[in-house]
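One chain, chain A, appears in both complexes that follow, with chain B as partner in the first and chain C in the second.
== the complex of A and B ==
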């Protein structure tokens, strides 16, 4: 292509097209037309709902009755009642433990360990394990939720059978731990793939030099590998934390129970807003979740910028 | 890195610590295999049920190799109107969302890649920000109300619009990447030879971007096919529910779940996602954009 470009006659001078637009099949006005459908959809179904949440959160909106026709602005009452509600405090605490346990420790820890293991290990067993980890990540959530209900079942579950007919009621006695272990299983693939990509960017010669100098595996890891892929690990951590804060899948396994032990913020919002139809209150909690997302996303984007 | 310059090289190690080194090596081997076995069991055991139960004439909740292999669970499934209709619903939702996202994201990606629109960088930043911040869970209240007020509750259209709006930013980013990688000289040459804008788009840009369009199409289908929350909150009529919600109803509604039906349906519903993931992965490799899984 470049040779043909060299032979071509030079374009007529003085054409009125600005330099950058001359190549494209579009001028600025055309570009706006090209952008409009996508931006319209994003505006109505992504941006507007977020902004509307902020407004709804200060009203007493309900789906039926007088508040449906004429919702009253009640200021920060929803937020005040949320902050004073032990159920909300419980939900926030459960969510933090869920994110910390399943995303930060579980997915990132296990994902990195697997990527580190896979780095030099080859063969069919490795490939089989990799496929399994990825399958756990891509099979639809309503299917994996039932797989875990069956796996953890008290009398017939595979886990108790593997432990010698233990009959432990996992989802009843250890509900939060159960969904943390579930979500680690569910999401490790992403961290594994991302860490694997990060490890591949390391020049092999660095590790080779360190090994020849007598550094142990652990020393290589601590002094060379972790400092050089710190940026990748941090972006990974932010993304999986954001997703886990917003993960609705625990609902499919425990529906928030027993006795609110797995009542994460998404489940709490769902129950208050769409089952009890306290839409204003639900919107206020949504706004809090949006704020958490915003903080994580801003840090994430700042990191991305700093790196590029 | 080893900070101590006097660390002995392997040659200078005296005899006894050579043995100690071997013990350490053995222990780390054992540790390695232990780790692999435990992690392998952790990932394999919950999955086994989906492999065995669909072919077991009498499946229980425990994963067990069936004593006799049968396909009768699948033939019974094909007679179940709920399951089949939900698969059709899933196909309709995924197909419609895919067409909408590709049709709107492709021109937007082209314009953002090729034309220096004022404020373009800010626009891209805001898109990335919103696409990661506004998740289905965080926005379920306004999304439900918006669709309710538009009179689209209980319709495919409502679900398609919401999903398309959510997937659009990431779709634009992926496609923009493809257009960015296309040399501008292609379009320049065509223009020099007198091609009209429309001809350039149809004969040069479109064929070049076709692999990108295929990837984005499959990626949208995978996302819609697996999505549970949006149809769960927006559709109440059982006849309109996609497979994601109907699978869930199979084990939460009406007492004892029919494990023969549930297992075969779960497998049938999962296979397309796995196949499509492999397709995208082969064509495009592992990447991700903003807040959306790739």
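== the complex of A and C ==
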């Protein structure tokens, strides 16, 4: 917004300089003036903390004790110990399952299925459905976390009550599955809206031509719908994968337990940096998380570009 | 190859919009049939009902003697070409053409051969077969869409304004090409258009539709020369037909206080005192700088150059009458001129229902009477 405003040529002032030159100078000055506040904010709140995290990652900085006052640079020791730590490997594995289960299969799969099933719905029924799904998405994390704790509680939970006082310890027996279902429930709205929008871009004549040729629903989906909205699906997948990878909400339900079964990487970082006070180590894991995010993003972008 | 019969077809959309109103129609085997009408007249709904993409509320559709009213689109053996061509952007041209065969589980090799052989007849060949639709021109895309319809070997072609996305010059070329192709293939064709010139040029017979009904079902030349009613008269023709209110007197029509001879063919169908609407195309009005017997006179108000001819708008009393004149006889604005309608081409319509005088009265419960200027 600010850059567009800056492009507007300003009337030349001073008669001594040629009008074009002074206009250009004003334009540049205007651009700088408009951009500076935004760049400053980005610098202070995004670039500096990122660089600071990278720096902390190669120190033994702690929240308490002597290293809090005088942190030492210890090179790649933090990274080495992370890679040798079975708890880290466990976290990485749990995170991958969580992303695969709740984002790729859960949110995208369910979101697309809902969008496809209800693509012809219009009017109040459609609005009601959208309100229901979006509500899950916009309610604050702390509130939905409490709702799910209440829902899954062993003795007084809504789910067990619905199952006839079953007393099943959901969060204890199926902790990872529980948070996968939770995150699917929570995030499906976004994928549903995006897929719905993508399906709307598909000209009706494309599917009608296929119907006239005798294509079944499955053939229409495989041959026409999915290839046509591939770009939308990949963009959606990129966003929800990254969001899920960095999602901290499961901690509010399971606190990483029981026995680290839901100890995703963000929870692992939180535990090490802010509970065990190992800020340097936490920073190093954060850098690894960033790297993984980058790899995910690059893979998706490569896939996106592959559509010749 | 098959004939097409439609009986009492009615389609009412949710919300009460009556798109088709008890429509009857028979189309011969191999015929090129055009459905013409203004937007919202029901022509596309009729086409989509034949395809099976719309379910009619009542009535029957028979293709080749088979009742297909309740059959799904794929079981009707019809192929449709849409206005936007509906080519799949992610498939090559060859894959697009052969997609209906893929659905029918024809092998890859035969599909390629089919695409090549159909493509050849439409000048889609060589490297073009391996391109994507996005890399083709509008005219080429249109031919690919045709090729896909042909590769399907349907009993009936359904065309939904297939030329309207082409520019004017290409449209003329594609029109000629399409007519020739249809003659060669001999496949029954239903062609929807809102462009009267396209319908006149292409069709063996045509139906002019309005508000879900057929207003005239005839050959293009009859629709042009002898429109059945004022609606068709006003709709067909590149220059609109003159529709002039008149009263019948002894041997003459009185138009804007002046007199026009009643043609022999009409004389028996009208009686003195009737009010009628006279219809005559600008092409059949001769213009003279001197007085002609039985002609109207007035002042030239507007001149429009049509290329070979010019269109002259003349103020006759409080009416405006248009005539085309060849380039060497173009009058000047403000000139007083005389206009003589060709007696053989002069038509008279009833004031109340807009049908030709002498035509049987059709029971038209809710159709409004069509008078000039009502559109």
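Note that the second predicted complex is superposed on the first by the 264 of 308 C-alpha atoms of A that agree within 3 Å, B and C clash if a C-alpha of one lies under 4 Å from a C-alpha of the other, contacts with A are read in each partner's own complex, and residues count from 1 in each chain.
Everything below uses one rule, namely that a residue touches a chain if its C-beta (ideal position, glycine included) is under 8 Å from a C-beta of that chain, and two chains touch if they have at least 3 such contacts.
Keep in mind that what you see is a predicted model, and the values were worked out from it rather than measured.
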item	value
Partner chain(s) touched by A:211 [first = chain B, second = chain C, both, neither]	second
Which superposed partner A:156 touches (first chain B, second chain C, both, neither)	first
Winner by number of chain A residues touched, once chain B and chain C are compared	B
Chain B versus chain C as contact partner of A:135, first or second or both or neither	first
Which superposed partner A:228 touches (first chain B, second chain C, both, neither)	second
Contacts of A:125 with chain B and chain C, given as first, second, both or neither	first
Touching partner for A:203 - first (chain B), second (chain C), both, neither	second
First (chain B), second (chain C), both or neither touched by A:31	first
Which of chain B and chain C A:45 touches, first, second, both or neither	first
Which of chain B and chain C A:219 touches, first, second, both or neither	both
Touching both chain C and chain B, counted on chain A across the two superposed complexes	210, 213-215, 219, 223-224
Residue numbers on chain A that touch chain C, as the complex places them	203, 205-206, 208-215, 219, 223-224, 227-228, 230, 307
Chain C - residues contacting chain A, complex	51-53, 72-75, 78-80, 82-86, 88-91, 99-100, 102-104, 148, 152
Complex contact set, residues of chain A against chain B	1-2, 4-5, 8-9, 11, 20-28, 30-32, 34-35, 37-39, 41-42, 44-50, 52-53, 56, 61, 63, 110, 113-114, 117, 125, 129, 132-136, 138-151, 153, 156-159, 161-162, 185, 190, 193-194, 197, 210, 213-215, 217, 219, 223-224, 239, 242-243, 246-249, 252, 265-266, 269-270, 273-274, 279, 282-283, 286, 289-290, 293-294, 297-298, 300-301
In the complex with chain A, residue positions of chain B that touch it	1-2, 7-10, 28, 32, 35-36, 39-50, 60-63, 100, 103-105, 107-108, 110-112, 114-117, 125, 127-146, 148, 161-162, 164-166, 168-169, 172, 183-189, 191-193, 197-198, 200-201, 205, 222, 225-226, 228-229, 233, 244-245, 247-248, 251, 262, 266, 269-270, 273-274, 277, 286, 288, 291, 293
